[in-house]
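Shared between the two complexes below is chain A, which pairs with chain B and chain C, respectively.
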Partner chain A sequence: MDFLFSYLVLALIYVLVGLSTNLLVGIVGIFSISQAAVFGVGAYIFANLTMAATSMPFILALAIAGGACVLLNIVVSLPSLRVSGDYFVVTSFGIQLVASAVFVNWVSGTGGANGLPGIPAPEFFGFALDTPPRYVVVAGLATGLGCLAFWLMMRSPFGRLLRAIREDEIAIAAVGKQVLGAKVAAAALAGGFGGVAGGIFAAFMSFIDPYSFDLDASILLLSMVVIGGTRTLAGSIVGPFVMLALPQILTMIDIPSTMAAPARQFAYGVLLIVFMLYRPQGLVGERL
Partner chain B sequence: MLLSQLLINGLVTGCILGLIAISWALIYSTAGIFHVAHAGIYTLGGYLAWSLVTHGVPTLPAFIIAIAICALVGAAIQTQLYNRLADRQATPLVILVASLGTLAIIQNTIAMIYTTNILQFPLGWNRAVIGIANNSIRLSYPQILTLFAGAALCLGTICFTRYTGLGKRIRAVANNPFLADITRLRPRQTYTYVMAIASGMVGLCGILVSLDFGLQPYNGVLPLMTATVAVFAGGIGSTLGAFAVALILSVLENLALLVMPGEWGVAIAFGIFIVFMLFLPTGLSSLYSRR
Partner chain C sequence: MSYLQINAVDVSFGGLRALTDCGFAIKEGEITCMVGPNGAGKTTIFNVITGFLKPDRGSVSFKDRALTGMTPQQIVAVGIARSFQNLRLFVDLTALDNVLVGIRHQFGESVFGGLFRPIHTASSQVAVRARAMEILDHVGLADKAEIFVRNLSHGEQKLLTVARLLATEAELLLLDEPASGLSARALEGVMDLLRRLQKDGKTLLVVEHNTRVVQKIADTVLFLHQGHLIAQGTASQITSDPDLAEIYFGGVI
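What follows is the complex of A and B.
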């Protein structure tokens, strides 16, 4: 039963990160491959805060992790979004590669390739949420709030502005809207989602290492959003549940364990191409 | 003498980065595709050559066959994937995601066949080293080969795009695909040629690097991304600009080894990219061309 619950918790966490990817890639239409890096920065900041000598409360550490990722995304998106979309692709790859280098090499802060063990599970009024069935409440609550915020934002004038920018940037600039400001705000919001999700992930796993936040993880996140369906809330929810179930199906096929990880990534690659060719709107999304 | 050794190493790696940058820029400026799968072709080149050499094919034919296969794979990606996507009016974002999927397929196919362990060429001569200035600077044979290949192919590409019929056709299509189509320059066919040429070039880069450093399935993304930095910083459409920035980037990364460990080299490349975005967003070529 625990297995089912941990699948549920992980899927819920990835829904939250998926929302941030969807916001950038689907709604504003800027390609981002650094979502796993942002997710990781959130996770490592959260881990360091809660594992410090005077352990910080869960909610406060989560808020700081989210806030730091908001700042990070503003700082990196501001120069690149000023120029053009393709510069952001390079920047985004750059953040992912630099972040991976930091996660592996900055041993005193991140534990290096061995990772950081012993991240405490959250405790509310002396009641520890340390098993997957209990933790579902935390993950469900956070993801539920995230989905609500996403849904409300999409219906707000700001959401309409973002979608309009995706359709025709120049027309929107011509009617006097702040295109750059809106894009950076979207990137900041995406950073917040990613950072908070990172913190929730770290507290659930109680152990984090760089391999959860590398380029492959970013490709997985992108596949989740693209295959679930971009530009809709439903797509971001369906995608992670489907894509996390896929490795379980692959384990039924008898392949050597050294080939398991490449085989999984290979399957994601095939799915990405097939969906882009025959169903660019994903399972339940709108046309990308 | 450490300084001059680092300088030489930087120039050699810079030649590789420059060639990757030139070949990638050829695709980007002609077809407008952010071709991430280029990193996969780069890795593929090295592995194909390794397979052929270990199966007893003589070195030179093995390299030529590997490069030819890379060119074919590149052309196949264009005709089977990018053209089909273009038929469906795919947005640049969709094409980019599909390209990323192609990269995942190529890299992981290699990882499944050859495992993720480092492989070395069983040649012998690629380990040989010559010393210059009383052995104070040491150059391996693959490094010398790389320097010559880099200079020759950079000049070759410039002459090719300026003086040959196909080169002029590529520039015409890059400049205005619609007009090129009307004047029967057949953009689709041109894109396929461009992909084949660029993929062959990047396949050669993959072989040259693996002679020196061995092969690993996931090592293509970092050089490609550093090369794209060079393309944007050098000015899109400027072959010499991209090559020059690639050399500068790589020399700086190597000289930085004097003051910091090598793992942070990637941060230098992207730091420079951010400086360019802030102060010189249209690239180095905007300094000397009055466009």
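What follows is the complex of A and C.
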């Protein structure tokens, strides 16, 4: 049963990062391929805060990790206000590479390639949430709040403004609305989601290393959003559940263990191509 | 007090002079049509008035207030809004959403309002939606409210651009070729709408190529040629001038 619960927790965490990615890429049209970097910064900040001698409380550490990623994502998204489309993809690629280099090489802060072990599980009133069935409550609560925020945002005039910005920024200016402020606000919100998800991930895994936050991870996140469905709440939820189930299904096929990881990458790649060709709106999304 | 006043505006793009010492005034409550051959600078003057383009020289004032240096957003707030020749509608949104985006002073347009006061946002949207429906009804698109813009006909899309302008509550509307490419019936609809807007108290500056439309709706006609105003008068004065006809149909001065 623990296996099923860990799948559930991980999927919930990826839903939260997926919301962040969907908001930027799907709704505002800022094609970021550095969302795993933001996710990672949240995880490392959270880990350092809770593992310090003072051992900061879970909620406070999570809030600081989220807040730091709000600022980080604003900075990371700023180039998108100046360079558009294809050029921002290249910029974003660079940001992801820089983040990966820092995660691997800043040994005193991140443990380098060996990672950071021993991140404590949260404890509330002496009750430790240290097993997957207990931790589902934490992940479910955070992701539930994230989904609620996403849903409210999409229903509000702010969400409508963001969708319109993706289509035509000049027309937005011509009806007298600000483009810059709305984009920065969306980037901030996406950063908050990513950072909090990072903290929750770190506390659940109790060990983090740079490979959870590299370019492959960013592409996996994008794949989740594309296959689940862009621009919709349902798509952000379905995508991670499907994509994380895939490796489990592959284990049922009898292939040598050395082949397992490449087979998974291969399956993700094929899925992306097939969806782009035959169902670009994903399982439950709107056309990109 | 002058209403909209353009004073000696120069604009050049590299070596190309789009506007040269271009100046004119338009009167409140009138429909002013701007005509001239392709490349005369009609769209460029729209861009200058609405703050999308900084003139190299010259100034624009609205009700004796200088507009030079203002952002497009500030100019809309002052009361001037423009449409685009290539429409620039949000084609993946519904007709109603296109109008809703333009409505002024909505609660919940910032991230905080939308997330932390959802009930107030939802309740204030009721009035905003009613207003948007009223505008759609005014241009004759009430029954198309929930249709995605890419599924609307060209004529309906043109009407929708006017609806989106009305949402801004601007009093001076700059329309870039609102009647081009329309069928005879759709054309009548647009002309009728422009006259109704005038009755509602709007002032219109319209770029138009169709002389029949100009004759029917224009109070004043401005004739632009090579970035300069060369004639101004009533529609019949302008259309009966042989020199202007020569320029319009391919002559040179």
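Some points to look at:
Going forward, the second predicted complex is superposed on the first by the 286 of 288 C-alpha atoms of A that agree within 3 Å, B and C clash if a C-alpha of one lies under 4 Å from a C-alpha of the other, contacts with A are read in each partner's own complex, and residues count from 1 in each chain.
The rule we apply is simple: a residue touches a chain if its C-beta (ideal position, glycine included) is under 8 Å from a C-beta of that chain, and two chains touch if they have at least 3 such contacts.
What you are looking at is a predicted structure, and each value in this text was computed from that prediction instead of being measured.
By the touch criterion defined above, A:N105 reaches chain B but does not reach chain C. Applying the stated contact rule after C-alpha superposition, one finds that A:S80 touches chain B and leaves chain C untouched. In the superposition on chain A, contact of A:P117 is made with neither chain B nor chain C. Counted by residues of chain A touched, the larger count belongs to B, out of chain B and chain C. Of the two partner chains placed by the overlay, only chain C lies in contact with A:Q178; chain B stays clear of it. Legend: residue contacts after superposition of the two complexes on their common chain; A:R155 is shown touching chain C, with no touch to chain B. Note: no residue of chain A belongs to the chain B contact set and to the chain C contact set alike, using the contact criterion stated above. Touching chain A in their complex are the following residues of chain C: 50, 52, 71-73, 75-77, 81-84, 88-93, 97-98, 100-102, 104, 106-111, 113-115, 118, 121-122, 125, 128, 164-165, 167-168. By the touch criterion stated above, chain A contacts chain C in their complex at residues 149, 152-153, 155-161, 163-164, 167-168, 170-178, 181-182, 185-186, 188-189, 286-287. Within the complex, the chain B residues that touch chain A are 34, 81, 84-85, 88, 90-98, 100-105, 107-109, 111-112, 115-116, 217, 221-222, 225, 228-229, 232, 261, 263-264, 266-267, 269-270, 273-274, 277-278, 281.
On the side of chain A, the complex with chain B involves touching residues 25, 29, 31, 33, 79-80, 82-83, 85-87, 89-91, 93-95, 97-98, 101, 104-105, 215, 219, 222, 226, 258-259, 261-263, 265-266, 268-273, 276-277, 280, 288.
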